[in-house]
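Going by the order they are written in, the chains are A, B, C and D; count residues from 1 in each one.
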């Protein structure tokens, strides 16, 4: 498993949105449970796609899904109840059949974690498909 | 909203199974987060149906779903990390279009919570259907 | 278990906020999993308290917690991926040792569910305490 | 981020346990939501530690926590409602301040995913500590 470059790009398409830490996101250590950051990564992907003009809901409505084939996260500092998480999301890699969307999550200026997911594209029979052209167009435009 | 009788029946069909409290089930108060008991209620319903010979998966495979139309829970004492939850489940009510499945959750002899859910039955177009005959048969046999 | 009046009050303190349905909130029936609404109820309580000037984090920082002693929800229509949930929250009842916070969740004008929770107040040794005076003041002012 | 060797060891300490996929674990694509496997990884870690004679609860009761500093997962085939997940867990690496616990999850003979987490050890003030001697002893005995 090769983890693609996770550093935030200096230019190009990226999206920032905020999510509040709820009590149910924390655990008995008093901090956010490690698996829950992956839910915010999904929120970040979803908001990145919406902001780019290709909401994931429109992909789903064409009978396509984008299953995660790899995911990873590096935790730097804890997040706590009521923290206002700043989630930065960007496309870190685009290949024929997979796309990597990466994230950094901050509380204020403090880095909480960084990570991402590699997604494929399948139709409703489960057959692998090329990444949707609308997504490809946007990414290529952004990176060109 | 009328909450049906939640007391554990003295006789008839009931199912007992165990679930371990994981760290991710707890919150920053050091106890199980209140919403997570509803996940174990679902586990209890699922195991009750399997034990009764009508696994929920077989209902789903006929294109039917049993959406929850009401749910409730009364919390008595906290559950903590690594507690071994004893989940007792039974049918508390059966009507033409809805079924109530109730639960008590214990740690050892200590009651943690009691609650349940009223479920309807819908087909894959979302149309309301009568409760599946296999379920009805089992409940009626158990209560007769 | 007596379910307090859940109808939205015609006047007085209430709070509205929005949450987006994420993929992880849905289940294999294609709709929001029933337990997840309780997480949004918690978000609603939290935002109601913040808007009222007594954020729950300030209660916690005094070594107090407000455990849920009862919760309930009545589901009317499904919510789906990417729906923008409008969560209305208000104090439905205030007694010496418990407070009921109720909610209605809408997608547009369509009611998705209504429900709530009764909360107590305990200190960090688990001993029951009266509802925090700051909360009492706000509610009494709002209802007077 | 260097992902340690994830291949299942041919010998030495490993633990197998089972978890049932519940409806709440699935998403609208009809399969298990990607973040939920991390909850089962935690269950796997927990059961591995219990089976090794050092339950995580005993670590916590000494005022220590083992926060996750990295996590990763490679998804091969989907898991679905009611699948009986076989979770294999083992220690993949032990250093002075971190331990890597890796997992493979199967449904029958079919590999669903593989992944793991690197954990550190901190005391209740958040200060980094060496991995607990009881854990070290067990791992070194197992690998010797």
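What to note about this one:
In the analysis below, a residue touches a chain if its C-beta (ideal position, glycine included) is under 8 Å from a C-beta of that chain, and two chains touch if they have at least 3 such contacts.
Values in this document were obtained by computation on a predicted structure and should not be read as measured data.
Seen from the C-alpha centroid of chain D, the farthest chain centroid is that of C. Taking the mean of the C-alpha atoms as each chain's centre, chain B and chain D sit 29 Å apart.
Annotation: 34 Å between the Cα-based centres of chain C and chain D.
Between chain B and chain C, the centres computed from C-alpha atoms are 23 Å apart. Each of residues 23-24, 28-29, 31, 35-36, 39, 42, 60, 81 in chain A touches at least two other chains. Taken as a contact graph, the chains are fully connected, with every chain touching every other chain. On the chain D side of its complex with chain A, the touching residues are 1, 3, 6, 28-29, 31, 34-36, 38-39, 42, 60, 65, 67-75, 78, 117, 126. Those residues of chain D that touch chain C in the shared complex are 23-24, 26-31, 33, 35-36, 80-81. Interface residues of chain B, counted against chain D in their complex, comprise 20, 22-24, 39, 42-43, 46, 55-57, 60, 81-82.
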